Each structure stands twice: as C-alpha cells, then as structure tokens.
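Naming follows writing order (A, B and C), and every chain is counted from residue 1.
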Amino acid sequence: MLTEGQKKLLEELKNNLAKSVPEAKISQSDYVLTGYHLEFSSSKVGMRRVAKEMRSRRFNLETVTAVDFIDSFEIVYLYFNYNQDNIRVMVRIRVPKDEPPFTVSAVYSEAIWLEREVYDFFGIQFKEHPDLRRILNPDDADYFPLLKNFGKTTITGEIDDMLC
Amino acid sequence: MTMKTIDDININERLYQLNLGPQHPSTHGVLHFLLTLDGEVVVKAEMLIGYTHRGHEKMAENRIYEQFYPNSARMDYLSGMIFNTGYCEAVEKLCGIEVPKRARYIRVITSELNRVASHLLGVMDFVMGIGAYTPFLYGWDDREIILDLLETITGSRLTYNYSRFGGVRVDIDQTFCDSARRFIDRMRERFKLYNDLITGNIIFIKRTVGVGVISKDVALDYGVTGPTLRGSGVNYDVRKSEPYSSYEDFNFEIPTKEEGDCMARYLVRLAEIEQSLRIIEQAMNNLPDGPIRADVPCFITPPAGDCYHSFESARGAVGYYIVSDGTRIPYRLKVRAPSFSNLFVMSKIIPGHFVADLVAIFGSIDVTVPEIDR
Amino acid sequence: MNMTQLPIIKDIYGFLGPDLLVGVVGLLLVLIFVPLNSAFLVWVERKVAGHIQLRPGPMEVGPHGILQSLIDAVKLMCKEMITPDLADKPLFWMAPCIVVIPAIVCFVVIPFSPVMQIRELNVGILLIFAFSSISGLSIMMGGWASNNKYSLIGAVRAVAQSIAYEIPLLLSTMSVIIMSNSFKMSQIVSDQSTVWNFILQPVAAIIFIICSTAETNRAPFDLVEAESELVSGFHTEYTGMRDALFFMAEYTAMFIASSMAVVLFFGGWHGPFFSGIVWFVLKAYFLVFVTVWIRWTFPRLRFDQLMNFAWKVLIPISLLNLLVTAIVIKVL
C-alpha cells in the first residue's frame, strides 16, 4: 500500500538511477516480504555515481555489508530517506573476489567505518578509502573471519595454542 | 573530509597523547579513546573499538535460526528485549508468518518497558559522568522495579529470551498488568524529583548547554539515529515512519529538540520515557484476547531470499539483514548497530572541547559498546 | 637551682617550661586525634552518602558499620606500597608525608575553648593560611613524581585551583579581621560573644565556605580527583598507606576548614549555656556534615568554569565586601 508520494518518488528514482548506471537491473520489490521498496543490482561500475545521486535526493546510507558467495562477493548498500514518503533502496553489486569497488566515503562520511568493517571481515579493499585498517579484529590479524573458507591461519593457530 | 591516521599528525612538543583507556571508570563499556591534547583541549580523538568482539555474525552462520535467540539479546544488553523481538520479527518477515494480535501487543508492552529501563540507565550514567552520583541511584531504584516485573514473565533480568518465531513464549496475566500500572504511576511522580535534582541545577546547565553540538547536517551525514538524532532536530523514529508490531494502533509523539547539545539529548530521553509509559498504558487497556503464538514449525526453514527489518531500540534504528539459502541455517546475518554510527560522529564533534566535556558528550550519546563490537 | 633563679631561667629559656609542656602534650593529643578524626569522617561520609542515595551504607562491621574505617585502615596497612619504575623516587616518597604535616600543624593555633589552645600566636590566622598553601606543593610533587599523565593533569589543575581560590578566601577573612582589629584567633572569638560574625558578614561567610570547599578539593570543585575523568588525579599511583595518608590529609583539612569557619563566623566556642569545647566541636562537625551533603547533591564544575567562577565572580564580590566593611567601620 504505497502512498502517492512514495509511488512518485519510486518512479523518479528508477529513471534517474537507470540514467546514471544504464547496465543495472532495477526492480520494485515487495516491501512486506523483503523490507525494501526498490532493488538495484549491478556490477561494480558506478557506485560513487549512485551514492551521489542518492545524496542529492536526500537519502541517507543505512548500512554497507557484504555476503560471501563462494566465487564472488555481493556488496550491499542500503539507502533510506527520513522524510514523509520513506523509501528503502537496496543497492547490491556482484563483484569478483579480486576487483573491489570504489569507496563511497567521499559522499557519506559514515561509510568510512562501515567499509572498514567490511574490509576487516571480508578482505575487500575499497579503492581510495582514506583509512583502511582493521576495526574490530586485532590489528595484527592475518585472517578475514566472515569468509566461507575461513580456516586455520598462523595467528588463529597461536590463539588456539594459547587457549587449549 | 579525509581522516588521517594517528601517525600523520605532526606531533610537536605542545601536543601530547592521552589514552582514555579501555579500562576507565567513566567510559561504561570497554572503549578506548586515543586523544591528542593541547593542554586541556582535545585536538584529535580516535576511537579504538573491538575489545568485546565476540563474532555474533559468524556464530549465526553456524547455528540454526532458533539457536540465535540468546545471541540477539546479548548484543545490546540494555535493550535486550527489543533486539530479541526484532530478530523474531525479521525472520517472520522473511517467512511471511502472521503474528497474532495479542502477541504483538505483549511484545510492545515488554519492549517499551525495556526502553524505559534502558533510558533510565543511559540518562543516569550521563549524569554520573558529570559528577552527580546520587541521581544515578535514584534512577536504578526505578529500574529495579522494571527488572523485577520482567523477571516474573521471562525469567531473566537483563538478557531476555522471550519472543519466539510467531509470538511470545509465556502469556502475561492480571498481576503483571497491575504491577505495571503501579509502576507507571510511580514513574510519573518521579519526574518531578529528577527535574528538581538535575534539570534545574545551575551547574548541570552550565556543563551541558552548548556542549557537544551535533548539527543536523553532520548527524545525517554520519548516519546517526535515535535520541541523538532527535536531539538535533530530525524527528525520525522507526516506530512512526515504518510501524511494525502494531505500533500504528497507539497514540504517541516523538519528542524532538533543535539545539543538538547534551542538554537537548538528555531532555529528549526523559520525554521519551513519558511517551513509552503512554504506549504501555494504551496497550494494556486494549489488550485483545487470543493465542500468543502462531503455528510455526519446530525448526523454521525460510525460503531463499533476503530481508531487511528495521526497528527502534533505545539507542537508534537497528536493522537485521538476513540472507537465507533455503536451509535451516542462515547464510548471512548482519546487524546494523546504531551505536556504531553514533560513536563515529564523536570523532567529528570532539575536537575543540575539553576532556571533561568528552565524558559528558560520550554519556549523552549513550552508546553500548558490545553492540558496536558485536 | 633555687627558687630565686627560676625567673632568670624563664627569661633566658623563655619557651621552655610550662609552654613546652603544653606544646608537647597538645601535639600528642592532636596526633592521636587526627587519625581517629579521619576514620570517623570517612564513616560519616559513607553513611551520609548511603542515606542520601536511599541505601544504608556500611552496616556489617560493628553496630551500623562504625568499625568499618578502622578495619579499612588495617587493610590499607597490609597492602603493598607499589612504586612505579620510572617514578621520581625521593619526591614520590616525600609527597604523602608532606601533605599531612601542614594539616596537623594548623591545629596548634585553633582555640577550641577559652583555655584550650596549644599556642597563642599574634598572627594565628596567617599561620593557618600559610600552612594550607603548602599542601599545594605536595600535590604537585605527588602528581609530577608519579610519571603518569593523569596524575600530572590532576596536579596542575589542583595547583591552579588552589591559587585561584585562596584570594577570595583571604579577602573574606580580611573583612572579619578588620572588624576585630586583630589577627589573634582568640580575640576574634571573644568579639563574637554578643552576636556571631555570620550575622554581621553574611557575604563573607558564604564566600569563605565556598572557597574552603574549593581549597580542600571537595565537590562541586573536585575536578582534581574527578573519578569519572582522571581515575584518581594525583593520587592514582599511590597504593596502600600512602593513599591513606592523602585521604587523611584531605579529611583533616576539611575539619580544619570547618573549624576556621566556626572560629571566624559562627562564634567559636560560644554557646547559649556551658560555653566550651563541646559547642566548638558540635559546630565544626555540623559544617563538615553540610560539606558532605553538598558533595553528594551537586554535579561537578568543569575546570574553566571553576576558574572563571573564582576570578570573575568571587574576587570582585569579596573585594566589594571588604570595601563596604571598611567604610562602615570608619563611618560608625
């Protein structure tokens, strides 16, 4: 049950996002089942353009996260606006493991820490990030915990030896 | 704005570094501030987090959905009931389960009680950081009543496992409602005590007015949510903009203040306690009869797909992002913690303040460190 | 030696004889009183804090916990006195000793009753203020010698605060001295036999009480040892009996400040009946109770606000008060 304002905003967003990144797949999704209104899937090109577009429409970045599918990463950005007609936009990009995208921290400052967390857990090194370091794991860790093939490394072996 | 690392600063003889270290009486939570000071004025503040990282998101990938119930409450232990309920709602959204109305109302009552308890603690910790030790104990006296009340139905005082997929575990009865009503009356009388003791105190006013101002643009740029955002003039509350769990049935307001300083955030939290009491009253007055749990299989198997559920905890907008591959174990579960962004904004607003103000600002933003570290 | 030679002996060795006996006995009594007083005041503070915060406070050891402080003292004596490796050892060792000596010396000139005063000095008040300023030196020593940034910040704050608040303290005392025309403490007390100075000089009394709270680093001026920010300020690194000495000095200074307020403004040992030491002690402990009450009610001032309050508010008011006093005395 979308209101008039929301429908209008969705249409505008679809057009503008399609213009800024032509090769993306944009579709509306069922809000009741998925929790977001608009879904945008693409390859890694154009994340900064999308971010600038959302910023100009006064959307805010809710979160940045990643999902590890065995042969690729899917990096997810969730945008939301604080106005009367609230729309959630899920932007997801499927990238190969060794081709990270550009950072959006120039547009949204909170992405500095959010992308640090994604790097910390997945090893995705966002390009041109101002401060890419470990944030939650120890600074000398040589592992990336949330990868599906996370296993024994030197440091985890040492920690296991200490604990057991 | 680009942030340099601590090595890039030209550390001349005037500046010195101070660790408001992980163990400290006033940073409630294990949080490490690396401050660069010029005399008493902070020039740069960096927050080092991760001391209580326990790997909840990795744990979720190795457990079935039901086994994650305890984890959900332990992330933000002060709003444990709200996190627990939110996790259940996220999975129910993914599966398309409809929760009976009585269960939704019970979830609202317990979540709002939890919110009052969390705000009492947050406000009183802030006041204790400024130096007034006595209101801290008065607030905890009130909080004890809520914890005892919730213990009668859930069995725990802080980390609750009350909600289940499809509803709640145990029904509430008339004694619970009577005790809750008595608590609401008592709490309404206590506001006068808090206002006399704290809000009108000239020293408190001098320590908090104009200190730690977060402007609206900075707040929205850094993704700040919750009472911290509402103290800066943006009236955004997930319960009003995207009502979940039948919040649309209740009549309540979102207190907002324009100034964005510590006093504004403190007043917003106090006003939110009153609004939560209103919601509890309305929910108890209109509590429908019926089942308290929908018919849900023993081990839930959501269809493949993903889902994002957002709800409002005492600290801000939380989000559960669940990716399911059709099995009984989640493929990815991400928790969007509000304290993560709320803390990051401190590195922008602290430079220029005194060290004493840092403690006040940190208390007024009211973060919970385990929620940041997960 | 026969009796004709005794006056000659008194002339030559004037200070020996009865004065020396009084001095030695008095100091011994003071040395017994100071630790017991600190223990008692610690218990009072914990009980008052507890009752203000809706809890009973220490109840286990002795009836209503009255032996708690003695047991705590025993515990502190058993603790290891740790010295940090890079600390400046002579200064580190000297600081707790030096902080407690001025507090004990100040007892010498306080008139507890018409006859109980260890030594009558012409400049009694000056001695007390001079010695309480020495505690600032020991705080600086403690903070510097600890080789700890927190301690240094705390010590620097303490010295600045101490210097700033001494000025209105002395100015308000000057108003009383002008009225009594003498620096002698016993003279000032005798002049209050009809009406207490508190009625004649209310502004000076309030300023004196505020400044003495600030001088002894009590809340709301306790930024020096603000537990929420600096862990413990200049006595972070001190353990065991050294820490206990700092506490003893603080509570003794609190008692001295209250005694000074009683002597200067609240009539000293005067009372409606049976004037003497009982009234003095009652009034002094009442003021101590008020100080403790204030600590647990108000939040803490930030450091720049504290300094602004001293320099921009208290000093002008106390100067004005002094001026008005002088004019009134001259005119009337």
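The rule is simple: a contact is a pair of C-beta atoms (placed from the backbone, for glycine too) under 8 Å apart; a residue touches a chain by one contact, two chains touch by 3 or more.
Note that this is a predicted model, so its numbers are computed, not measured.
Visitor: Measuring from the mean of all protein Cα atoms shown, which chain centre lies nearest?
Guide: B
Visitor: Please name the chain that ends up farthest from chain C once chain centres are defined by their CA atoms averaged.
Guide: A
Visitor: Mind checking the centre-to-centre distance between chain A and chain B? Centres are C-alpha means, answer in whole Å.
Guide: That gives a centre separation of 24 Å.
Visitor: Take the average of all CA coordinates in chain A, do the same for chain C, and state the distance between these two points in whole angstrom.
Guide: 63
Visitor: Whole-Å distance, chain B centre to chain C centre, using C-alpha means?
Guide: Measuring from centre to centre gives 45 Å for this pair.
Visitor: Where on chain B does chain A make contact in their complex?
Guide: Contact set of chain B toward chain A: 1-5, 49-50, 53, 55, 57-58, 61, 93-94, 96, 220-223, 234, 236, 241-242, 305-310, 317, 319, 321, 323, 331-332, 334, 336, 340-341, 344, 348, 373-374.
Visitor: What residues of chain A sit close enough to touch chain B in their complex?
Guide: 32-36, 60-63, 65, 67-68, 76, 78, 80, 82, 86, 88, 90, 108-110, 112-114, 117, 121, 130-131, 133-138, 145-146, 150
Visitor: Using the touch definition from the top, list the residues of chain B that touch chain C in their complex.
Guide: 16, 18, 24-26, 40, 127-134, 137-138, 141, 197-198, 201, 203-204, 206-207, 354-357, 359
Visitor: Flag every residue of chain C that touches chain B in the complex, lowest number first.
Guide: That would be residues 49, 52-55, 149-150, 153, 219-220, 222-223, 226-229, 231, 296-305 of chain C.
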